[in-house]
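Alright, structures below, take your time with them.
Note that subunit A is present in both complexes that follow, paired respectively with subunit B and with subunit C.
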Partner chain A sequence: MTSACYLTYSCKYCRAPGEPGKVDEVVVGIRPDRFLRDMPSKVERWKDETYGLEIRDHLERFAEEGFSAIPDDERDAWFERFKWWGLYHQRKGQESYFMMRIGTPMGRLTPEQLRTVGEVAREYATGPVENPEFGAAYADFTTRQSIQLHWIKIEDVPDIFAELESVGLSTIQACGDSWRNIVGSPVAGRDSDELIDVWPIVEELHDRFKGNDLYTNLPRKWKVAVTGDRRGAGQGDINDLAFEPAVKEIGVSEPDSEARQTASDGGEEVAGFNVNVGGGLARKEPRLARSIDVFCRPENAAAVAAGLSGLFRDYGDREDRFNARMKFLVDEWGTEKIRSVLQEEYVDYELPTAGEGLREEYDYNAGRSDAPGDYVGIQDQADGQNFVGLSVLVGRMAAADVIELADLAEEYGSEMIGLTQRQNVIVGDIADEDLDAFLDEPLLSDYSPDPHPFMRGSIACTGTEYCSLSIVETKNRMVRYARWLKENVSVPEGVSDFHIHLSGCTASCAQPQIADISLRGMKTRKDGGAVEAFDVGLGGGLGENPRFADWVEMRVPADEIPGYIANLLEVYEAERDGQESFREFVADRDEDELSGLAEPEETSYEDPYLNNTKMTWYPYADEDDMSASPAPTNAKGDPMPTDD
Partner chain B sequence: MSTDVHQLDDGAWVSVNDTREVNVSDLWRLAGGEFCACRLTDFLAEGFVEVGVDGGNVEARIAGQCIQCGESGVTGWLTLGRVDPETGAFRPVVPESVHRPA
Partner chain C sequence: MADRVLKVNAFTTFDLLEGHLEGHGFTEEAFATLNVRTARDEPEDVTLELELDNVSLDAVPAHADRVNLSAAEARELAGELADAADRIDTTEEDES
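Then we have the complex of A and B:
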């Protein structure tokens, strides 16, 4: 049957709004989703039309002509495309302002690059209202070792790009459906105890897969971790593709790429990687990356990565974005099929089976009592110098401090600044004789190498301040929590590193499932009114036996969280077995025991943003009602007329 | 006048004719008892899963949970608002009034 299609929604037969076309086998009146289920999503259509490098030309055109030059009926499409160049339109009430993400592979920057970030933040990342905790301009260091700036105007983008690119930084593919920033240990090559220096490999992957037409347009984001250390600092378990350090004896019976083995007498022990795929945390569907039983030599990492991202490009689900991530393809196919398709269709050498990993040595965010779980503090480099890990509470640093840190690093001869997945920062290459002077620098009283455990372990995502998805206020709240905990709660003996991850929603950008205490944004009713709240999880972490948190307390009002944590730590202190870590303490208890461990409680902590921050145009504005928003604004920040 | 609707940013909001109109994080009161056993579901919208247009109504299925009992899942079709056929203007419903998913 043939009938007129009355829809424009995602209809591939009716490209032009208001111009019905002819649709076969469709009954007029049926809901669009019912017959569009087999069609690519609207985002896929936009990507088909324009995506990748070519977006840059359009961005620069809109920048020159101004925000209002983006046609009203094309804005959603352009905002979706801009992500590929690292620009994310801020939430409702903040129209015309963008978050800009700068991808720094493995979080590594030179002091010069860091200074440029600070200068760009100071000049361009200022909005109509200051943040009460962080001031007018700041940079966010993210859990994927990138940098986010807010309140960016599209008119400033070309100048910002020029400044960033003059020092070798870029926003390319920082968001969108492609290869994202590659994560790993920033101190690779400097770490005194690592299997492989992965920095050259990561540079190769970055160069090959950024701006590469073959991998420009994937079904969804593609997150890669490369780990060569013995700490597990790449956190590969929560990535789409993880290269995990491993050794393998490769003999004549098991050929591999270049057949370099000298194996006539039993084989050659090779340091390389085991390959895992399909990890991720989002949408209440957390998955640990799963082994596909492949060992990969360092020189083959790019070939294997190309094969797996090509497989994802070709077989990932482009019809349903909620089912598009690699983790769902691994669920559907199983690891054996992933391996066989990779072997048969994407790689032209015989893949060796997995080698012996180093997982039992992992201590990064592992909840161990015998090792720190982060890079904070002073640690030895392989060359006899030191790197100094500084705590950056919730990963946000004022622009002036970013610049000062860059200056300090340069003054002390550092060639490497590292951003970690715990939202902290590392300054490398500090000589022994300079160490005391460096540690005495006033800036380090704010960003300490020896912070209080509650300040050290706190992570938070962007939250309702800017993000469309978030349910609750996050960064400022985590700052208030950490301060209250520091002032009011005794740290259990022996605990130096206690991880609290606060995420505003199920997207899990603060990695809530892998923390000692996991907080995930929620709402509840209190005294009859709706208030911001959290689901509380306990005992998550990575390491030898990675484990997601058990969700034990649901919908706890945000002002009762500090009291809950205080009560919980009191129980832990009283009932733990010897030096048992908090994570071990949780692992030893079943669900019922965990649910009854402690009670939420009101305390002296007061939460000034307990009500619905999402209803405001900006939570910290004096006039915060949505109708008071100045957005959209022009290049100078002056309000522009709207149709509303 | 045709109506163009879609959900974006991982289901964070619904666009109607290229204007952001409905966000996650609102609380919806749902009647009908299909989502959970509560007399009236106190539903937190966490993500828009599907959107569509039925006549002048913009509709969606929403992922979320009842903040009274904790039941989570995806609602039936809910009317988010109505588009004026003459002007194209979107008139949202009031989430906290009572709705009955289809």
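Then we have the complex of A and C:
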């Protein structure tokens, strides 16, 4: 489809200077003038100068010339732009080092791709100091089913890109203001109980919206979840756009050659999606995605996605980046207006009303007592083989283990590795006759398909190790918490997975609002000094009736959190009603009861990171003072002179 | 209790202060966060925002307070804060 561009001056989107242009493949009603007319913010101006695919040329130029070639007064602008290609400059004290994010749609990789990730991590993701828990090189699996590597030098980026792209991986739009990594169940198409195999749809969306000029420059990030299973594993509730599985009976007059006939009234029962928009956890304003009363056939998913991301592109707030999220546009407009504008300006077919969803079946991170809330363990595939979900504590795996896992997967004939939103990993396609041997592999003693419940449900964000925003140490602390809980706290009967999400600040990278126990970084005073601490929330999760955590404690010293959890679980076990899940137990209690439910307490747990790790250049360095940092460094990692 | 109103991260000016609240017939104490912020682009004023931890408060609901200062007012406030800090330093020197 082609439609006339509204502009009569140079438009970078249709590249037709001086006269009305033509916009390729555009949904009806695109209004590029809306986002070119007002570009008030600094970031918008940077983006208007250079953004999208063209950033790569500059990245390669800086890689050739070295980090110091980036002019001091342009660094903020370039670092903002580099995000589009998956590169975040690390925090103060780590100048010249980057985090690199590799977007893997629905977390799916082949063993070959996983091996390449491990090899890139081993070769390039090493810094000046080792992490005491994870060693010199590792990969992080994120809550959006991507992969993050740290200590990347810009000089190495072209070689890394070449290695990744040689196996079909990319960092494109892994960060920045555009379509992010699409999330969903990695086992789509293999799951023995799903409504729709969404993998072909996600591949189509990924191919269409990555590197597409029309959607390159959105007001902010655009997060999409596509769910076709009965588990709710896409966690669409916390995404800008969620395709949720649904069925709808549609009159036979509507064209759909693949729909199946039903007997009820002569209509056709079509398997597709209900469309929800405006979910998200950030900015201390969590929202669940809201229904716009639209049913979408699988073949229309791309058109609806194009329409809604186009609507956000054109009407999202470009004056205030804090307000530039779909959830706030939905707040402002209401769902009826979103639907009507989508219908009138962006989609050229009549949108059906919503169908019947499967939400009551959802069990992923749902806090149910009758079903696990994750993919850990051995499960049947539709083809008679098995997939094996392995627990990866806080989502971090040593580079050598990544490579070993890839080799194992290949050896056992797997064609699919899956990264889950709970920071775990799945190995698909294990035949029945190979299952015992696979489970006996030594690597699975570290990444278990049958982990202790406290090792199984822990999620942590990056924290002060690398992040500019965090105010507390996270991953290593969560590892220590999990180990201490395993050794010292009895698991309440019937509990197989217990979700603790630890975030380093009020940003929501560890999704703290949707956990059994939510920990969010703060500071407090203890024994006369400032120490790292956590606000504590309880009882959040998704599923049939999603709800955000109730915040019940503020500024609990980090070394008293394990004691608090131990006391809390003791109360839960003593006072719960039958097989009531922890989440149900919390939901049944009011604010006052929850606040007094348990007391923080010092225990035998020892916390080596209590003292303001954000002031260090690296929390685990022997000499951790900011002045001891070797950064910025050159391509070889040698310190470079600075003006300071 | 309610969630915090203000976000808190490494860019927050103070994430751990001791605050006091006084009304007619009541006083309360709580830890507090205090933050100075301006718009990223073409700021027109300075916002000073304060939140006392609501878990410690009974008399008022969870909330944050904000005041907007012009550039001149912000400098005047900074000057008075600096003068007050100097007086503390001077007192400490006299006592030592």
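Following the convention adopted for this analysis, the second predicted complex is superposed on the first by the 590 of 644 C-alpha atoms of A that agree within 3 Å, B and C clash if a C-alpha of one lies under 4 Å from a C-alpha of the other, contacts with A are read in each partner's own complex, and residues count from 1 in each chain.
Operating definition for what follows: a contact is a pair of C-beta atoms (placed from the backbone, for glycine too) under 8 Å apart; a residue touches a chain by one contact, two chains touch by 3 or more.
This is a predicted model, so every value here is computed, not measured.
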Q: Would you sort A:Arg75 into first (subunit B), second (subunit C), both or neither based on which partner it touches?
A: first
Q.
Between subunit B and subunit C, whom does A:Arg283 touch in the aligned arrangement: first, second, both, or neither?
A. both
Q. After superposition on the shared chain, which partner residues are touched by A:Cys505: those of subunit B (first), subunit C (second), both, or neither?
A. both
Q: Identify the partner contact of A:Ser595: answer first if only subunit B is touched, second if only subunit C is, both if each is, neither if none is.
A: second
Q: May I ask you to name which of subunit B and subunit C touches more residues of subunit A?
A: B
Q.
With both complexes superposed on chain A, which partner does A:Ala530 reach: first (subunit B), second (subunit C), both or neither?
A. both
Q | Footprint overlap on subunit A, comparing subunit B with subunit C | A | 42-43, 91, 283-284, 321, 464, 467-471, 505-507, 522-525, 530, 554-555, 614
Q: In the complex, go through subunit A and note every residue touching subunit B.
A: 6-10, 17-18, 31-33, 42-43, 72-76, 79-80, 91-92, 95, 282-284, 321-322, 464, 467-471, 505-507, 522-525, 530, 533, 554-555, 612, 614
(Q) Give the list of subunit A residues in touch with subunit C in this complex. (A) 40-43, 91, 283-284, 321, 464, 467-471, 505-507, 521-525, 530, 535, 537, 550-555, 591, 595, 614
Q.
So in the complex, the part of subunit C that touches subunit A is made up of which residues?
A. 1-12, 15-16, 31, 40-42, 53-56
Q.
Which stretch or stretches of subunit B touch subunit A in the complex?
A. 1-6, 8-13, 15, 17-20, 23-25, 27, 42, 44, 46-47, 49-54, 59, 67-68, 70, 72, 77
